[in-house]
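In the two assemblies presented below, subunit A is common to both, partnered first by subunit B and then by subunit C.
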Partner chain A sequence: MSSRTRSRGTRWAAWAGGVLLTAAAFATWHLTPVSTLSYSVAAVRYPFDVHMAVGEPARGRTVIAEVEQVAGAGEVDTGDEVLGGTWVVVDLVLDATGADPRTSLDLAELVIGAATYTPTERLAGTLDGSTVAAGLPRRGSIVFEIPADTAHGSARLRIGDDPLVRLGDRLVLDIDLDELDFDGTVVVEPAAYAEAAG
Partner chain B sequence: MEDDSRHHGRAPVRERPEAVAGTAETPVRAFAAALLRRVVGFVRELGVAVWSVLGGVVLVIVVIALLGGFAPAQRAAAELEPLGPGDEYANDQLTVSLSEAAVADDPRVVLDEADVLVTVRMRIRSHDARPLSLTDVFGKTLTLEGADPDELPRMRRVDDGSSMFELQHELAVDVDVSWELPRGTIAPGDAVRVIVSDPFLRQMRVLGDSSYWTGHTPHAVFVLTAHEAAA
Partner chain C sequence: MSSVRSIVALVAVVAVSATYLVVRDWVGYAAAEDLDPAVIPAGSAAEDGGVTWGPLELDDVTFLRDPDGDPIPADARVLVASFTVRPGADPVSCRIVSLSDADGRSWADGGFWSLPDSYDDALFPCSDPISSVTQVRAVFVVPGDAEAPFRLTMSTRPVDDGPEPLVLLDAN
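Entry: the complex of A and B
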């Protein structure tokens, strides 16, 4: 093979490779769900994930949380009324580290696939949005209403204080929705002060 | 060239018009040949790659022209698709179906006594992957004709009466949406028109990761006959 033929072949291969890579980048860009994008400039300020496990306290920079139980339900009972739907109820104890003088649970979301759910507006007295002070933990629930046909597979709970703080952190809990029973009734009690952890 | 008629003492021969034309043809041909050589040289000099790109651009322009891409823009507002009670309309943002409309002129249910309350019952389902705010829907995607688009209506669930400010992804809810309109602009028996627009989601992916709905284009109109709200 002459050097001229070889250089022409290399040139075509470079062009073909360039076109292929551009097409692959275009496809990746459009097929990747927005919630999983991590290459934008904004990614540099994403909070760090601190992983939680049920029954174990997890400590972030400003928040300490211990998830006591995760339950599915077909009804939630508030004592005043029974609400139908498909529910994910997370019972937890929330405390503040004292790193900030005022800490509130402004971030609470459940991510299922590419969709993000925020706590239901149908219930009052839940923990989301509540303020905690160091040494005065609160016990309560965060309740999500989700479509019945999404109640399977894996989900991720994300909680934390101000989600806009750059390079902050958030507590995350992976939930297997297949392990939850969505037929029963779960009683949801208003958030209240809990005993401080020893 | 020298005229050899002088050397032989003969009268100069006058050139015929055909001969003049024949001698003029040669420089023209020469010029044309030189021009052609220059053009061919230019074409060769640019090379296959440049001409391929130019050919591609021309091809794209031809395809755009064939598809009507250079046709004059249609600036007249499109006619809205008429929809009635129970019809369903879907776009990228939501699916909505309106079932009934009621007018209440009871001063106890309005903030301003000079207003009446128009309540439209609808089933609504958001397709947004993030919780969809009321502010992204009313006055933009769903607009009550005659209402101020900057004034947000109230939205309450039909089943438990709780207020709603966000719609969750693919969670269908039956809601009552209430607007206040100046008294006298609508009465029971009148037509209530709710215009549905199609927005698109603009996503920031490089400098940020936020997204917002924009480019709302009116596409359909629900027409319901208002009845008097139950006391």
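Entry: the complex of A and C
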């Protein structure tokens, strides 16, 4: 083999290696959670997304959730009072896998565009923040109050256990806000065990 | 020859980088692992760190459920885990981590609200200093399909603070 041929082969190998390494770096960046800073003080490693569909149970590392219904509302009725606003009400059944004995729904947020909304604090007895034990599922709602002018387009629901657990996961549901009716009234029941109470 | 040196250098950089990443993550993983847990078989007691732990007993007290308390599912069971602690010369404290079943599902203690108030006196938390022979009791609410054998995991450190010595008590 001449030195000219060997040199050309080496050059091709270098290019191929470079392309391969670049592709591997891109794949690693794409497949792993994003690392960022929160309030400029703590490194947060975002959890993996586990996608949900309405009516189908989705299983994360610590949480199992089945979204039964997503509704829009102009009023929410708690039985004690009726609250006006622009609401997104997510009804779901929440269970724990048992991987962590202390599991709670610490993460619950609705992302619309660049804005992230946390559950309303105007309602008590909702599922957000509640603890759940394996095999003892709870049924309830997560309720978001959003500005009226944002109630269109797509939104993404994110729920899960402690979002700061490294390499944890979160359950996500894509919601089409254009399919929701924001004129009606939705009744919000307090969270309770999914099975009949004894 | 320069191309050979380049290839050798590239391979060396990749190898060293991969080795560094693996070793770094492995060291972090190993440091976060629980220290060698003491496993105490069902019906037995064993000494660990100068303290004798066990045996573990599990009592199904579902029949004691307080119907006026926080309702729990009809098929749920209320278990009281009790074990003896014989401290050495110094008082000892501990922290109950979980009760797990044959499937590996785990539950935290704290189902005392499902029992009558009169039962509170029978419960002794692990976190209080124990200076004499004491029967520690904790309540767990588990689903009806939780299957034996059960394992109680507890830490001989009262506060969750990094790697901790664990004692695993088994019960049938």
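Here is the rule we go by: the second predicted complex is superposed on the first by the 151 of 198 C-alpha atoms of A that agree within 3 Å, B and C clash if a C-alpha of one lies under 4 Å from a C-alpha of the other, contacts with A are read in each partner's own complex, and residues count from 1 in each chain.
We take it that a contact is a pair of C-beta atoms (placed from the backbone, for glycine too) under 8 Å apart; a residue touches a chain by one contact, two chains touch by 3 or more.
Quick caveat: nothing in here was measured; it's all calculated off a predicted structure.
By the touch criterion stated above, A:Gly125 is placed in contact with neither subunit B nor subunit C. Shared-chain residue A:Pro190: touches no atom of subunit B or subunit C. In the superposition on chain A, contact of A:Gly135 is made with subunit C only, not with subunit B. Legend: residue contacts after superposition of the two complexes on their common chain; A:Thr97 is shown touching subunit C, with no touch to subunit B. Of the two partner chains placed by the overlay, only subunit B lies in contact with A:Pro147; subunit C stays clear of it.
Contact with subunit B, but none with subunit C, is seen for A:Glu81 once the two complexes are overlaid on the shared chain. In the overlay built on the shared chain, the residue A:Ala115 is in contact with subunit B alone; subunit C does not reach it.
By the document's definition of touching, of the two partners only subunit B reaches A:Trp29; subunit C does not.
Shared contact residues of subunit A with subunit B and subunit C: none.
Residues 29, 33-35, 37, 40-43, 81, 83-84, 114-118, 121-122, 145-147, 149-150 of subunit A are the ones touching subunit B in the complex. Residues 3, 6-7, 10, 65, 67, 71-76, 97-100, 103-108, 141-146 of subunit C are the ones touching subunit A in the complex. On the side of subunit A, the complex with subunit C involves touching residues 6-7, 10, 13-14, 17, 97-102, 133-136, 192-198.
Contact residues of subunit B toward subunit A in the complex are 129-131, 157, 159-160, 162-166, 168-172, 203-211.
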